[in-house]
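In this document, chain identifiers A, B, C, D and E correspond to the written order of the chains, with residue numbering beginning at 1 in each.
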Amino acid sequence: MRTKKSIPLKLYQKQAGKVGQSPGTLSAFGEKPQTPTGITLIDYDSNKSEEKQIETLSELRQLKDSSTNSWINVEGITDIDLVAEIGQLFDIHPLVLEDIVNPRQRIKCEVYDNYVFIVLKMITYSDENESFDKENVSLILGKQFLISFQERPGDVFETIRQRIQTEGSRMRTFGCDYLAYRLVDLIVDHYYVVNEKYGEQIEHLEIVLSEKPDSDLLNEIQTLKRELLLFLRAVLPLSQALTGMMKENVVLITDETRVFLSDVNDHFMQVKDTITSFRELAADMLDGYLSMISYKMNEVMQVLTIFAAIFIPLTFIAGVYGMNFEFMPELHFKYMYLIVWLLMIGTAGSMLFYFKRKKWF
Amino acid sequence: MRTKKSIPLKLYQKQAGKVGQSPGTLSAFGEKPQTPTGITLIDYDSNKSEEKQIETLSELRQLKDSSTNSWINVEGITDIDLVAEIGQLFDIHPLVLEDIVNPRQRIKCEVYDNYVFIVLKMITYSDENESFDKENVSLILGKQFLISFQERPGDVFETIRQRIQTEGSRMRTFGCDYLAYRLVDLIVDHYYVVNEKYGEQIEHLEIVLSEKPDSDLLNEIQTLKRELLLFLRAVLPLSQALTGMMKENVVLITDETRVFLSDVNDHFMQVKDTITSFRELAADMLDGYLSMISYKMNEVMQVLTIFAAIFIPLTFIAGVYGMNFEFMPELHFKYMYLIVWLLMIGTAGSMLFYFKRKKWF
Amino acid sequence: MRTKKSIPLKLYQKQAGKVGQSPGTLSAFGEKPQTPTGITLIDYDSNKSEEKQIETLSELRQLKDSSTNSWINVEGITDIDLVAEIGQLFDIHPLVLEDIVNPRQRIKCEVYDNYVFIVLKMITYSDENESFDKENVSLILGKQFLISFQERPGDVFETIRQRIQTEGSRMRTFGCDYLAYRLVDLIVDHYYVVNEKYGEQIEHLEIVLSEKPDSDLLNEIQTLKRELLLFLRAVLPLSQALTGMMKENVVLITDETRVFLSDVNDHFMQVKDTITSFRELAADMLDGYLSMISYKMNEVMQVLTIFAAIFIPLTFIAGVYGMNFEFMPELHFKYMYLIVWLLMIGTAGSMLFYFKRKKWF
Amino acid sequence: MRTKKSIPLKLYQKQAGKVGQSPGTLSAFGEKPQTPTGITLIDYDSNKSEEKQIETLSELRQLKDSSTNSWINVEGITDIDLVAEIGQLFDIHPLVLEDIVNPRQRIKCEVYDNYVFIVLKMITYSDENESFDKENVSLILGKQFLISFQERPGDVFETIRQRIQTEGSRMRTFGCDYLAYRLVDLIVDHYYVVNEKYGEQIEHLEIVLSEKPDSDLLNEIQTLKRELLLFLRAVLPLSQALTGMMKENVVLITDETRVFLSDVNDHFMQVKDTITSFRELAADMLDGYLSMISYKMNEVMQVLTIFAAIFIPLTFIAGVYGMNFEFMPELHFKYMYLIVWLLMIGTAGSMLFYFKRKKWF
Amino acid sequence: MRTKKSIPLKLYQKQAGKVGQSPGTLSAFGEKPQTPTGITLIDYDSNKSEEKQIETLSELRQLKDSSTNSWINVEGITDIDLVAEIGQLFDIHPLVLEDIVNPRQRIKCEVYDNYVFIVLKMITYSDENESFDKENVSLILGKQFLISFQERPGDVFETIRQRIQTEGSRMRTFGCDYLAYRLVDLIVDHYYVVNEKYGEQIEHLEIVLSEKPDSDLLNEIQTLKRELLLFLRAVLPLSQALTGMMKENVVLITDETRVFLSDVNDHFMQVKDTITSFRELAADMLDGYLSMISYKMNEVMQVLTIFAAIFIPLTFIAGVYGMNFEFMPELHFKYMYLIVWLLMIGTAGSMLFYFKRKKWF
């Protein structure tokens, strides 16, 4: 029973016909929003933490001058007007907004005068339908605020949210840059889960390979290789983005948080190494599979050749004395039948001896 | 039905016999100009925008001292004298002119004292004849002017032109460097279209591979690999050119435009990543195809060997008792026919048992 | 007789469900501690050296201000509370503690204000059960102390311990940084042993390849390649860690010790080169194996083809004159039997001549 | 008709037994000088240009202090004494002289106090004998002179010579560094010709591959790959040499010439890119060829297996009833012959059905 | 006749059980010293040159303050006590001594305060037993002395020694750094000889490949690839070592010698390039060999299939009319024999036509 499913990382996401469009123009990407875009605000400092749903954007305006940390989480990025309004409110560069609503945007980190813009890729594994789910998460980290944009509504940030509510936690005493770190860390933690799944699949395939290799296995190894490639390509720019965040001149990120970011980068390098190893292991498995087939085919050919080479001459001899010519003197010679048998046994024996010496069996 | 056509990226473009020619000598490349070279001038600033066809180059002379931005678009580069005259008018280095009229020129960016010279490659997809079209686009970006050279007349810049006519657009308020950015952005947008086409083709080939692989598929994968290679090699230097444009010491490009160029570079990296992945996927597909053939061949060999190994000995036995010797005692033994049948069934049975144990079926 | 066992480097170690956990949270990894965590303290300077078992951590407190060098060796990292207490005592960053208790932690070196944190991987070979044993060793090097954490109790550091007891040895006169170097050196020395084992295995496989290659060999080469990959990936970051330790600004490491660290780095480069060569040799062996099979298969095919092509036509001729038609004039022609024999010999001869010319035998 | 010849780039040129010889010792390399070494002097400035054959080296002495530019072209490098004398006259380092007379010397550029030493490789294509010709060209660029050394006499520099005689040309007004640039440019132009030839050969081989692939094609692709490798390795160091010439601190090269050198470097990068692509295309062709053979072999095997599997059982059945036992009841049953035919047709039919379902035809 | 022998570069040299040993401890490596360690002293300056055998180390003591250059050549490194004494005499770091007596030590260059330590690998070819000989040569270059350590006694430095005796030679006037350069140069010259041997072997194998490829060739190509890999890995660090010697801050090496070292580095790059090319050529040869086998196998298969597919049906037809049924009406039909012949010829003809169309012959 093979229960592993291939991960539905889409090979290539269609882009809306955008050639020549003005940069910074926000255009909805493909699919209709299934649920309305929701905004959650968590306002916190070391003393208090308050969570509420935002209905109108004007509620956010007053935040700009408050002394508390504000985490604004936007779920759903298909409501372009809303994103544009938020952009205007917090004075965000149009190109940043364009990247936020683009689900194909690569991972990156850009440092602007008043904020840092980070694009991340969250990849979660759902046990029920045994598949992976990919979504872009964009962060805008300002002095006292962090705006996060999720592609789809979901509770992936639940653990972080709970952490903020815990009084005295590091989350509460540190600033928004620490919150940003926690979100990045969460995402990298999910990469570990992906790796674990791939690790299980490789071990599973290695067992199948050594026990009962068939052409399905070939497909599965190929699919795995392809998925690992796409996964690697998708997450690879994270290291560069993290390095960008840790640069000395990024004043919005404190030295304390920099230590943590360095740690998450270290984790990510481990993820990257593992995937690269997996890719090589999958390639080795494929080689092993092909070698095994070659070996098996050679074995099959030897059996065939031994049978054919032994019996074809014998059948020929039998055929000769099955001919109906009137004048065949041997047919009437009494010991001829015996002689023919001896001849046939001798032929077969010398064949066997020859093949034995050639180490064919 | 396979409708994908291979892209007619020419492997190697012939060069006119030019060995030892003086550098900066302008020589027409190959094909005759099909249409006369046309020059369009768009003169614009934040207040007005005027478009006209230029008949004589003297009309351009007065532009040099005007305070408006001037976009001079030259369609067709085979009229060498015209290019030379423009070069003289704007004081362009002879080597630059030589590069402009050379359709084989690689993508590059060179910074001169009074202008920046950029060579780009526009690759457009035409839906009607299902093929790609490649042409060099050279830009000379000066203080208040931008000269663009297209290989062939065409309306690829139409969207940009319309944008300039829109009052209050960023295009009107920003300088010529922003216009140059928009042209680069347009070209990279077209690379996305190329990528999309290749993505579709890869998905199509993957379906064919899993359903009905034949030797045509082999050719198609090979062709795709080759095209991706040529495409990648053609566009790869763009990243370097963009980095050159964004350098601090390039005074003709403002900081504001630099942000936009950084964005287009980011897009290009995405294009590059995708193509590289496509190359690897195509290579994986080829491996998969070959593995499948190996697997299938092994299967075929096993069937052949089973049949041959079972029936060849039986046919031999039958042949023996078809011999016409006078003295063959078995022939007259009553139960011999039955015994021979049992012998044959036994032989076949033990063969089958042996192959079963070898897991050949 | 093949006695080589594959090395049980685990492909992927399970991580406790840790997604979204607060960083610096210590959680036990998997296996229960088989033996209680033991702490040994060696207090030494050039005059004296004292070794004792530590029962309560309060004994360590007074060490902080003593002028002697203290080596605190902690065996077993599953007792999380203990590690946390030590961390508190010596003012260690929570992320460092998290890395110490994580057996999957990559090799690395991090420089903090008051200490240097080093993670190493000890790989030892046990002759009795012919397998390798991997464990993480973490070092915290402070001004007058070195804390080492071993995953499991064991006597791998025995030689170092004896050295400290030797009066007048360099170990006694140099500081704790020299002790740290000696531990790194010991670990790299063990890598040499691993290399030697792999070298023996490669030589063994090369002999098998040239003498009696079979499908087991294929598996063994594959396994070797995989192990070498995993070993290389595991130890590769050591070079970077050593470079980090040798940086000018790491004040805890003296110039004298830096010379020694440079030497151990040099040794490690040799280990790395050897493994890389081994990987390439293993790949070459695999190619050689496949080439040999191809060559052998071709030979087998030629034998088969020669037999089939010679005897199949002869058998056909014999079959023709074995038909029972009433009107077959040749059957009654006296010399026909002789003629048929000549015909058959002629056919066989011309076949042989043709194959000879094709250089098939 | 295949007219392409492989290029006689020698794999490895023998070196005279030189181990342990004193550096700077000039020793003749192998072949005898076929023609005596000739020296041509072109003395020019913006006003005049004079060309003459030099008989005795003393004629060169007075040049050293003249204010005109002097181009001394030495044809033939086997006359070691002459090279040594020139070296002494112009105060050239012995190692430079050793490199000049060494036809195996790699491309390089070395900057000395009073001159720049450049080694180049000229590769020309001769249409008559359809082969390439390789020779080293060494340049010594001084303040007012340029000495060029050709391996063999020849008119490869003819176009340059003519250019110097043209009054008012850039050649006349610029200094010797521009002349050096022109020689480099000429050599790179010849690389384009080589590329063009290889491009033609690749297109030719691709046609053969798609039309009538045979084992000759295999050899030709292999030869092409090998030649491209040797060509690439030979010319690759040029980029580094050019970069060395363009460095700021090389005072003998003016800023104006630097622009031109940058242009020739750009051309060379194009040559390099093309060759690299050709290498990959040749590798792809080889893969394609092998895939095609695999595909074809599978097809052949299927035909064989279908025939064998259908007729071998039928022949067995016929053989059974050709046996001569006295007691074979079926032989006397009237409808048995018909039944046997039906049995045979049924067997063949079910085989065909089975193979059809397996998609073997 | 194949006379090429594989080079006995040992894959992996055993290390004495040294795990955990104190660094700088000198331990003899394996083999007993066959001849006693000999020390030769050459004392020279521009006026005189004196060579003598050193019996007791005390003779060396006075050298330290003499104004002449002293070259101390130690032959044999197994006499550990002697090496230790020399080390003490010249104040050498223990780690350096450890590297000197270690025959496995990689090539490297380390700069100490009073001396430069260089490890080199001499690879010489002996014509008589057609094999290569590898030994480590360590150099300690001080202000007025150079100590060289050879693994085994031998006359490889003979040419250098003679050169010193030549009055007025550069060797005499330059310092010890020039002598060190000459030794490095000698070693690189021997690499050229190795390259030449490999070049000859490749050309030899290419001829065998095109004329009479067999399975021995396969082994030889594999062995060659392996040797080239080991040779490359062994000598590769030389470039880094030379760069280290040429650094500005190495005061023991004069600017004049630096020019010479740059030249020897240039030579080494050529050696490296050639080996890399050889590796690629060997890999291409292996591919060519496999392709040829595939091609040949396909050809063999086609011959087999044609024979089998033509004669198997005919034999079946003959078999049918060889059956002994009582009631076979065709047997008694007069023209049936003729009809059967026509049927058989028709079958064979249509087969041939089908295979012809498939281009199988």
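Keep this in mind: contacts are C-beta pairs under 8 Å (C-beta built on N, C-alpha and C of every residue); 3 or more make two chains touch, one makes a residue touch a chain.
Only a predicted model underlies this, so the values are computations on that prediction, with no experimental measurement involved.
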Practice problem: Using the contact definition stated above, find the chains touching both subunit A and subunit D. | Solution: B
Self-check item: Same-residue or different-residue interface between subunit A and subunit B, half as cut-off
Solution: different
Quiz item: Taking each chain's centre as the mean position of its Cα atoms, how many Å separate subunit C from subunit E?
Solution: 26
Quiz prompt | Whole-Å separation of chain centres (CA-atom averages), subunit B against subunit C | solution = 42
Quiz item: Can you list the residues of subunit C that touch 2 or more other chains?
Solution: 294, 297, 301, 304, 308, 312, 315, 319, 322-324, 328
Quiz item: Under a traversal of the ring that begins at subunit A and continues to subunit B, how are the chains ordered?
Solution: A, B, D, E, C
Practice problem: Please give the residue numbers of subunit A that touch subunit B in the complex, ascending. | Solution: 11-12, 14-15, 18-24, 93, 95, 104, 106, 108, 110, 215, 218-219, 222, 225-226, 229-230, 233, 286, 289-290, 293-294, 296-297, 300-301, 303-304, 307-308, 311-312, 314-315, 318-319, 321-324, 328, 330-332, 334-337, 340
Exercise. Note which residues of subunit B are touching subunit A in the complex, please.
Key: 158-160, 163, 169-171, 182, 185-186, 189-190, 192-193, 195-196, 199-200, 202-203, 210, 259-260, 262-263, 266, 269-270, 273-274, 276-277, 280-281, 284, 287-288, 291-292, 294-295, 297-298, 301-302, 304-305, 308-309, 312-313, 315-316, 319-320, 322-328, 360
